[in-house]
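Every chain is named by a letter (A, B, C and D) in the order it is written, and numbering of its residues begins at 1.
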Amino acid sequence: MSNAKLATMFRDVFGSLGKKPATELYPFVRTEAPAHLRGHVVWNSETCTGCGLCAKDCPSNALEMIVVDRKAKRFVMRYRLDQCTFCAQCAASCNQDSIALSHEQWELAALTRDGYHFIWGKPDDIAEALAPKSDNGDKPEA
Amino acid sequence: MSTEERIAEARARLAPFTDAVEEAAPDRLNAPLPVEQLLPAAAALIEGQWSYLTTITGTDLGPEAGEFEVLYHFSSGALVTTVRVRIPRDEPAVPSVCGLIPAASFYERELMEMFGIVVEGTPNPDRLFLPDDWPVGVYPLRKDFDPSEATVVIEKDPAND
Amino acid sequence: MNFFADVIQPILALLVFPGGLFVLALGLVYLWVNRKLVARLQNRIGPRWFQPVADVVRLFVKEEIIPEDANPALFVALPIVGLAGVLTASLYVPLFGMAAPFSYPGDLIVTVYLLSLLTLCIGLAGANSTGRFSLVGVTRTLTQMFSYEAPFLLALLSPAIIAQTWQISEIIAYADGRWLMFTHPISFVIAIIALMGKLEMPPFDAPEAETEIVAGAMTEYSGRGLALFKLGHGAELVIGVALVTALFMGGTANPLIWLAQTAVMLLVLSLVQVLMARLRIDQTVGLWWRYGSVLAIVQIVILIVWERIVA
Amino acid sequence: MINGNVKPAEKFVVPIGPQHPALKEPGHFELTIDGETVTAASARLGYAHRGIEKGAESRSYVQTLYMMERVCGICSHIHGTAFSLVVEKLAGVEAPPRAQAIRVLVAELERIHSHLLWVGVGAHEAGFDALFMYSWRDREVVMDILEALTGNRVNYSANVLGGVKCDVTPEAAETILKGVDFLEERARQYLEVVQSDAMFLRRTRGVGTMTREEALTLGVVGPTARASGVTQDLRKDAPYAAYPDFPINVITETAGDLEARFIVRVKETIESCRIIREVLANLPEGELTTRMPRRVKEGEAIVRLEAPRGEVFYYVQSDGTDTAKRVKVRTPTIANMASVLHLSVGHQLADVPMILAGIDPCFSCNDRSVRLTSAHGNDVWTWEKLRQHGIEAYR
């Protein structure tokens, strides 16, 4: 071992004594998430055309598009946060850019699943979509 | 050695066994062979460590076709030479290549448990991936695999407590 | 007969100060300092001050699981015996800058062997619990003990020879103000490194190498037994550091200086600990027998020759 | 199992895993030891088997892409890229040059991440925690870069079929370059450490030595093979994505021991830094995605990629629908696993975790059924019941 030396990391190690630890004090000190972070799904009902590609492509079946009335643009989106893998395929599949992933809502841990089930849409659309068997002829799409 | 030269070399090595070597892609050769010729062909391909066995892929052609196809992928540089062996579904067996390529043991174990193909003469026929209590005779990668057959039995083994 | 001096004082010394509770508490503090220093040297934040205390409390509260094949009495008794050994050793070592409460000719040898009692108990405990990892750990613990024990004793022998006594208090009286670490540098270095071996600190942590044998001999210990071993380990750290400090760093001092001395010592231990990769057990043994013992003997020979020439 | 009575005449078997501090992932090894020397070794895998190959037969290509990213937690990008490339090949579509360059960029960042992680794990197995802590501290830098670039720290999901999702803005390039400079400087420092630290060399030099002949016979891949002097790197042998435009230097060592494996990986980190700079300096302009048909025409395709751990092999058969007929994944770890069993024999027990770590094993890559354990004795779960349970639990 001709080139062997003892304590090759001395500079790093000794230097750290006077340095601030690299540990992030997460819950006490929050750093801002980068702008491209993939967090909670955000749906824009105004621009949505109800094509359902997002739900079709979702690898974890976290999204469900219920079309109440396509002509009147009455759509209901069901989102299961606990199934979502935050892959952003829905955003990539959407031709209208109606879906985005938030970089602000990412601290999503909770003790129960209660808050993880979202139904988005206008209140009467939701009521109609969730009513057992709509009678206006439109079948809810899976 | 360029890929063209490698293709010529692979054809030359496989010439004694088949002349049906086809170029499936610029960097890929297919060599359908009868099962008896698998071992000599593999030996010819790896001779002098010209290529190595990348993996063994089992495919189920379906109950209607009544056959499995086992693909042995040999890589040499950018070229992949696939030796394709078809075997009947009701009596699926291939000879082990472990005598030539010891590293094939894991691939053969996977083939055995996933497709139920008998690999004759493989050094270790134990299960590799599937749980110990996976039911015997249920092969998950077969096309007619019925998930309900795979009941999961959890036995309480006093020795393991 | 003075009742207080003859009865109460020894009992207090044994149970509260400087032995007993005080050593246990100080042991936990030193363990924390060690962990914190290691963490800071690795640019981490390290545990908060109460972490070792919390660990021990938690372990005491936990259910103790005794392996089926182990002898339950032995399983329970060994940690107690080991801890008792260490606490007894604390009575002969000057702690906190004060003279040791007990002293008699030859107490240095007794102290060193009382300290080894803990290692022996851990070894026996591991062998008793019959787990695979424990058994490998035991062979390693004992092998390591046989390798560092001789150099450690030889290293402590050099102050003893120069002071011409086996009694700690007398060696200290001789060492007072002389700082033997400068006149006996080889012994000092060997004593520190052997102490690390005794405490199973990296690079000598092969007996409890977590990536190989989980926790070595103590693998099967969970609740109270593990807590006692932990306490014993802390106390051993205090006593070992105090012993080396007293012998090589100018004898007894006032409590503040003693704290500073031991803190420096802990820093050195932590630095070495951080900078080294773990040695395999065969390498440990080789290191000690090939270099450690030989160097310690060389130091003693130098001392004796020096004595003869000076005398 | 652990508390068996051991009689002196019996073979003394030390089980490592499925839960063991040396393995951060589940795998089971049985080592027969004599004193401290290993005399036999066997392996049992599958504890993280998730049936991904079967799962791929019932999902659309788009959905499978994300499942493939989860073959491995550390090299998720390479699996995503491999699947995208193989499906693009089947469909006769080629992703635009900018997308290919970004794929390379993320792949090289991922390589730095993986190698730094491995240096830490390897050092930890040797009880050298300072190197472990520092290399993992520095790994945070590359993870932050990846998070800023792709949106997540581990499952980057940078790929879509036919391109990539994330773009590199000039400002982002600036940040990446700064981080890469820091990482290169650190990697050079680690190279110094793994080459010269006397205590660490005692644990790595001459340990787990694999000759070139053995390496070729055992069919090892990636840095493990390159440390034994096998010049094999698919980025050079069969360049994919944008590697034809950004040629790499293959790094090899001849010693074949653990030290060589450390050196190869750290040097590859430095090489990756160079490639990243080159990609950023010559990033082609243009679209990020191209149109990708949902149904892929009938056929089969093979793609081989160089993951941080070695060769990744993807074989996909399509039958003209939007679902694959057969997907075969061969990960580098399974190719290297045989070498661990071979090399362990004759070594000290203390060296086995290091030899195992030496190939950078990834068990989740390796195992690609569901098991539910119940504390109440025998319990039979049918798949239907299990599915029902899953549905209930996630309602």
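Definition applied: contacts are C-beta pairs under 8 Å (C-beta built on N, C-alpha and C of every residue); 3 or more make two chains touch, one makes a residue touch a chain.
From a predicted model like this one, the values you see are computed outputs, not experimental measurements.
J.: Would you pick out the chains that touch chain A and also touch chain B?
T.: D
J.: Could you see whether A-C or A-D has the larger number of C-beta contact pairs?
T.: Of the two interfaces, A-C and A-D, more C-beta pairs touch across A-D.
J.: Taking all protein C-alpha atoms shown, work out their mean, then name the chain whose own C-alpha mean is nearest to it.
T.: When every chain is reduced to its C-alpha mean, the one closest to the whole-protein mean is D.
J.: Centroid of chain A to centroid of chain C, CA atoms only: how many Å?
T.: For chain A versus chain C, the centre distance works out to 54 Å.
J.: Take the average of all CA coordinates in chain A, do the same for chain D, and state the distance between these two points in whole angstrom.
T.: 26
J.: Distance from the CA centroid of chain B to that of chain C, rounded to the nearest Å?
T.: 59
J.: Report, in whole Å, the distance between the mean C-alpha point of chain C and the mean C-alpha point of chain D.
T.: Result: the chain centres lie 43 Å from each other.
J.: Which positions in chain C touch two or more other chains at once?
T.: Correct list: 41-44, 274-276.
J.: Going by the touch rule set out above, which residues of chain D reach two or more other chains?
T.: 4, 130-131, 134, 137, 197, 199-200
J.: Tell me, which residues of chain A touch at least two other chains?
T.: As it turns out, chain A has residues touching two or more other chains at 6-7, 9, 12-13, 22.
J.: By the touch definition up top, name every chain pair that qualifies.
T.: Between chains, contact exists in these pairs: A-C, A-D, B-D, C-D.
J.: In their shared complex, at which residues does chain D touch chain C?
T.: My answer: residues 2-6, 12-15, 20-22, 33, 35-36, 123-131, 133-134, 137, 197, 199-200, 202-203, 348-353.
J.: Hey, which residues of chain A end up touching chain D in the complex?
T.: It is residues 1, 3-9, 12-13, 22, 34-38, 56-60, 80, 82-83, 85-89, 92-93, 101, 103, 113 of chain A that touch chain D.
J.: State the interface residues of chain D toward chain B in the complex, per the touch definition above.
T.: Checking each residue of chain D against chain B gives 1, 4, 42, 44-46, 49, 51, 53-54, 89, 216-219, 237-238, 300-302, 304, 311, 313, 315, 317, 325-326, 328, 330, 334-335, 337-338, 367-374, 377-384, 386.
J.: Considering only the defined contacts, which chain A positions touch chain C in the complex?
T.: 6-7, 9-10, 12-14, 16-17, 19, 21-23, 25
J.: How about chain C: which of its residues touch chain D in the complex?
T.: Chain C residues touching chain D: 41-44, 67-69, 130-133, 135-136, 139, 202-203, 205-206, 209-214, 220, 274-283.
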